Amino acid sequence: MFRKILIANRGEIAVRIARACRDLGIASVAVYSDADRRALHVQMADEAIRLGPAPAAESYLNIPRVLAAAERSGAEAIHPGYGFLAENAAFAAACRDAGLVFIGPSPASMAALGSKTAARKLAAAHAIPILPGTVEAVASLAEAERVAAEIGYPVMLKAAAGGGGKGMRRVASPVELASALALAAAEAGSAFGDTAVFLERAVDAPRHIEIQILADAHGHLVWLGERECSVQRRHQKIIEESPAPRLAPATRQAMGEAACAAARAANYVNAGTVEFLVDERERFYFLEVNTRLQVEHPVTELVTGLDLVQWQIRIAAGEPLNFTQAQVQPRGHAIECRIYAEDPERDFFPSPGAILRLQPPSGPGVREDTGVYEGWTVPLEYDPLRAKLITWGEDRPQALARMRRALSEYRLAGVRNNLGFFRRVFADPGFAAGRTDTGYVARLLAQTPPPDPAAERWETLAAAAAAVALAAELPAAPPPAAAATAWQRAARRDAMRP
Amino acid sequence: MFRKILIANRGEIAVRIARACRDLGIASVAVYSDADRRALHVQMADEAIRLGPAPAAESYLNIPRVLAAAERSGAEAIHPGYGFLAENAAFAAACRDAGLVFIGPSPASMAALGSKTAARKLAAAHAIPILPGTVEAVASLAEAERVAAEIGYPVMLKAAAGGGGKGMRRVASPVELASALALAAAEAGSAFGDTAVFLERAVDAPRHIEIQILADAHGHLVWLGERECSVQRRHQKIIEESPAPRLAPATRQAMGEAACAAARAANYVNAGTVEFLVDERERFYFLEVNTRLQVEHPVTELVTGLDLVQWQIRIAAGEPLNFTQAQVQPRGHAIECRIYAEDPERDFFPSPGAILRLQPPSGPGVREDTGVYEGWTVPLEYDPLRAKLITWGEDRPQALARMRRALSEYRLAGVRNNLGFFRRVFADPGFAAGRTDTGYVARLLAQTPPPDPAAERWETLAAAAAAVALAAELPAAPPPAAAATAWQRAARRDAMRP
Amino acid sequence: MIVAVQIGERTRQLEVVPSDSGWRLQLDGEPLPADAAVIRPGLISLLLDGQSFTFTWARDGQGAVWLSGGGRDWQAEVRDPRQLQARRHAEPEGRARLTAPMAGKVVKLLAELGAAVEPGQGVLVLEAMKMQNEVRSPKRGTLKTLAVAAGDTVATHQLLAEIE
Amino acid sequence: MIVAVQIGERTRQLEVVPSDSGWRLQLDGEPLPADAAVIRPGLISLLLDGQSFTFTWARDGQGAVWLSGGGRDWQAEVRDPRQLQARRHAEPEGRARLTAPMAGKVVKLLAELGAAVEPGQGVLVLEAMKMQNEVRSPKRGTLKTLAVAAGDTVATHQLLAEIE
């Protein structure tokens, strides 16, 4: 086993990995940019090394600096977390060349699955269902028109190198195709430096379900159930759960086997996730493989009882899996909310700032993976994910009830955030019934929120609490008469405001 | 199901019960004494009613006041937690007479198991092994001498009404018996108002293992594995775990069946715990039944996945258990530390005061059930239990590693506490090997703690941190020259101190 | 002491007087028989008709008060008479202040000082966490003040520009 | 600024000077090349030779500083020169101050003012959380001061009695 691991990341995932290292008796090395000297991951790791200035290109994305930090610290392995360098095959290769173990799949596996077209080709070659469309990038408008006519509109254009919704366009009819293709290619070029775009049948409001796999270097490969990730905003997941509601056991089994086939075809080792679209008739189609730990891995940890980060490290150190597929026995139900500093009322726009008050929830069935603390000013430079709130229950209703409770306990002030949005989701009967697909968020926001009969009373008492807080804080009150008069003037002016 | 439940308790267990109520969609009513207006349970419940002055006799132990609060709030049921009125059959009967559901067993079951001699008699009548000795209280010194000679020394004298080690005496030889009997009876009389004392064979350094049971009102009865509770100080448990290390499956099974037999004999309904002594040859002996929720119930919750407080409420509401004994499938390993405000260096003497700093641990596999918060001044009047820290792992080594990690993250300042003691326990190879019995704490304290090679470095940096904190806090520094001189004088004086 | 607490469009007048057991409260002139306790700085407990209301409380750098309780959040403006006296009086009629809706970096200015602007016209572009957002004029007028330049980092609520 | 930090029997002299990046430190006259940052009030991070040391810090009502970090706890006495000047000078030789080892209630006095006491002799009984504890004299002498009476509630470290 390793003696020391460098964590090439920040935020909640760096904290999560530092904890796994401590559990395994391994020293952890944090790296940080100038914006992160006071970040939580620097406090939680055993060691900490400065990478460079705040911009990611000069710090967390800078391969030579990360490798230099690893060398300086004497780390034997690097855990990349998710994002930043996690799916960068060149980084994985550079680690190997520097004599460091990259905690993840081999550069060859990453390359084989890195482009969406390469992954589609691999899936097609191994009889894993993919959406009808082009396997390679489209070479010309004429080819696009021909294929689209064949498979039928609507179709999707997607960047081969893509992710995060960039270079993606839905095309409803032939007249839109030419301009959509030009736009998608241009967007893909500017986002990924690669204009390649492929075409596939569009599935409207599909479900997004993924399979977690774990493979060791000794030929053992297991799948650890699925995660339903359909609740998304701006093509990014915000709620994930396992098991997926309304999924037939036979479909689940077939998806697990397809995921294992894809992983086997790419000689995959370590943790990975195979993503699928599921349509309204429960047909599933391979989408892509995420060759890393997912943000939403705790959901699988809570139902399977396995510590995925510990297993990533153990696999990278050459340990074999000590359980078989038959011994993977998911129990109960888990669900995760991604707490972002963003404003749901402004299209989920990021809202950085100082965290003035932070009181996370606790109690039975509640796990919080956080990267922040009260008093921390969130830097502008990075992802607005603050924390993940995960609950577990004997069954889905209990997991949802505990999430409702946890959301009601959560106090986060100073940055706009999506807690209120989640409270609305968990109060929605449609969500409780499991009626989620990728159109869910837009549908919910289009509804008028149900009236809250207690709102007025709570607001009144909030005002009273603010007044008491102010009174308790001030050293002494001014002469009452003058104060009242001044106040009355103010009240009159307020009353006249629109 | 109930609409509203009154929680006749305080501290972490009242918070725990309020959370279970919220999970079930039931309104919760806290009660509080004048010392507890600012207590956490008052904040966590939906409603809160003052009982009376700080002394427990005028508040949490005052049956008329608790019943009046229940009536005023419109609660339909009362959860007694543990301690206070939880094992008071008269209170359970008073609830029933007031038309309230007592969340616990019937007054008759409580009475049948309330006295140790009654419980011994019941066990003996149902072929449950008990330690050889008297079944009734000893009537005379002559009888004690005769029975002791029969079963052989050493023997234990125990108060029939006892608990918490009061009225308990170990007698090594016949010459000690007369005075020990007089002392035990006197102590029992003053502690419980009942001088009845019985005699049984003494087991030296036994293990203390208990079985959790759950029974509904429809005749279903299950046992939920065991808890090893041998690590005790002053006859009070401080560490509990499940499963018990070093326990043969056949013994576990036999103990589970014995526990069910005892519960069935007492027509037991709701959650309860059957306690056993286990000797060095793994023979087990019935000790007593705790007719309530145990402090250490989270350990069982984490391995079975069942929410025991929710089940207590559901059973009290008349719901049947929806699973069978065969479906109880414990998974992994859980362990609990009871965080007390007490000073291990002064024989674990309570240490109340203000909690100046509280940063509980978090992350995978960690649960904290707390009754306190930063800024709270712990009242002198009640039990010094502050919080419970529970970890779960795929196996015992992982659960222990996570506890080590959680203990290293835990920050609690302002009151002396047993965190340092727990850190020592979890660093002890004997504990890691599962070599625990009721003599464990005394043996550990008799050892010299192993040297900490990093102690000097950490202490130096702690001093530096204190200096930086002070410098950052002060508005401005005095003229450097004068300061240095003043300091040098002080340093010289310090140097001369012994 | 009397304070005005504005939440959303609504302003409530609260009188807070210390009493033996904590604080006596009046809401818009009517007694509010709540038992109020400051649990610790930033944490307030109110008991009213047996119900328990617990709030966290924090004031940000711009003076806004963030309140949370019962799974609800509010942003309030709290004014006490002394603050009121010291406070600059209402803005001249017709002047609109553009403040930063979130902390971020000014990426680009879209209008020059003195320029005429239309309602909804973008005045500048703010970037935070890799997303860009246009800050728009609420009214027709002239860009009278431009308090920031491209490249500046701004805090939430910081003044960006004024339009008159 | 120079402060003396006493932990257990050992006192360290620390010089703390503000610098561009935070603070420069000297330990007993030698430079301590740690990168020190006040994360927030009560939370200090030190990086030294690439290692990360994080401490929470709090001062109790009696002036003792509670420090925690790395799964270790310390109680420190921190003195800066100004405090030092204001400080009462060392106790007269031979006088022993009995202070409360924990907060609690004085249940009973075991010796009267002016009484002769032996080492180990109980002076009074303190009760906290239903447990009683004798506070004993560390030396032979006379009970010169008795600062509390039966029934008094006392805080940790509060003066109970003096023996000379």
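Here the chain labels run A, B, C and D in written order, and each chain numbers its own residues starting at 1.
As a convention for this text, contacts are C-beta pairs under 8 Å (C-beta built on N, C-alpha and C of every residue); 3 or more make two chains touch, one makes a residue touch a chain.
Everything numeric in this text was worked out from a predicted model, so none of it was measured.
> Which chains make contact with chain B and with chain D at once?
A
> Averaging each chain's C-alpha atoms to get its centre, pick out the one most distant from chain B.
C
> Counting in whole Å, what is the centre-to-centre distance of chain C and chain D, each centre being its mean C-alpha position?
Here the centre of chain D sits 44 Å away from the centre of chain C.
> For chain A and chain D, let me know how many angstrom lie between their CA-based centres, rounded off.
Those two chain centres are 48 Å apart.
> Measuring from the mean C-alpha position of chain A to the mean C-alpha position of chain C, what distance in angstrom results?
Taking the mean C-alpha position of each chain, the two centres sit 31 Å apart.
> Please output the residue numbers of chain D that touch at least 2 other chains, ranges allowed.
Correct list: 41.
> Give the residues of chain A touching no fewer than two other chains, as numbers and ranges.
Answer for chain A, listing residues that touch two or more other chains: 44, 408-409.
> For chain B, which residues count as touching chain A in their complex?
For chain B paired with chain A, touching residues are 15-16, 19-20, 22-25, 44, 298, 301, 305-307, 309-310, 329, 331-332, 360, 362-365, 367-370, 394, 398, 401-402, 404-405, 408-409.
> In the complex of these two chains, what residues of chain A are touching chain D?
Against chain D, chain A makes touches at 29-30, 37-38, 42-49, 72-73, 373-376.
> Considering only the defined contacts, which chain B positions touch chain D in the complex?
Against chain D, the touching part of chain B is residues 343, 346, 349-354, 356-357, 359, 380-384, 407-409, 411-414, 416, 419-420, 423, 452, 454-455, 458-474, 477-478, 480, 482-484, 486-487, 489-491, 493-495.
> Touching residues of chain D toward chain B in the complex: what are they?
It is residues 1-7, 10-14, 16, 18, 23, 25, 27, 32, 34, 36, 38, 41-42, 44, 46, 48, 53, 55-61, 65-74, 76, 78-82, 84-85, 90, 101-105, 128-131, 133, 153, 155-156 of chain D that touch chain B.
> Flag every residue of chain C that touches chain B in the complex, lowest number first.
Its residues touching chain B are 35, 37, 39-41, 43, 45, 47, 50-52, 54.
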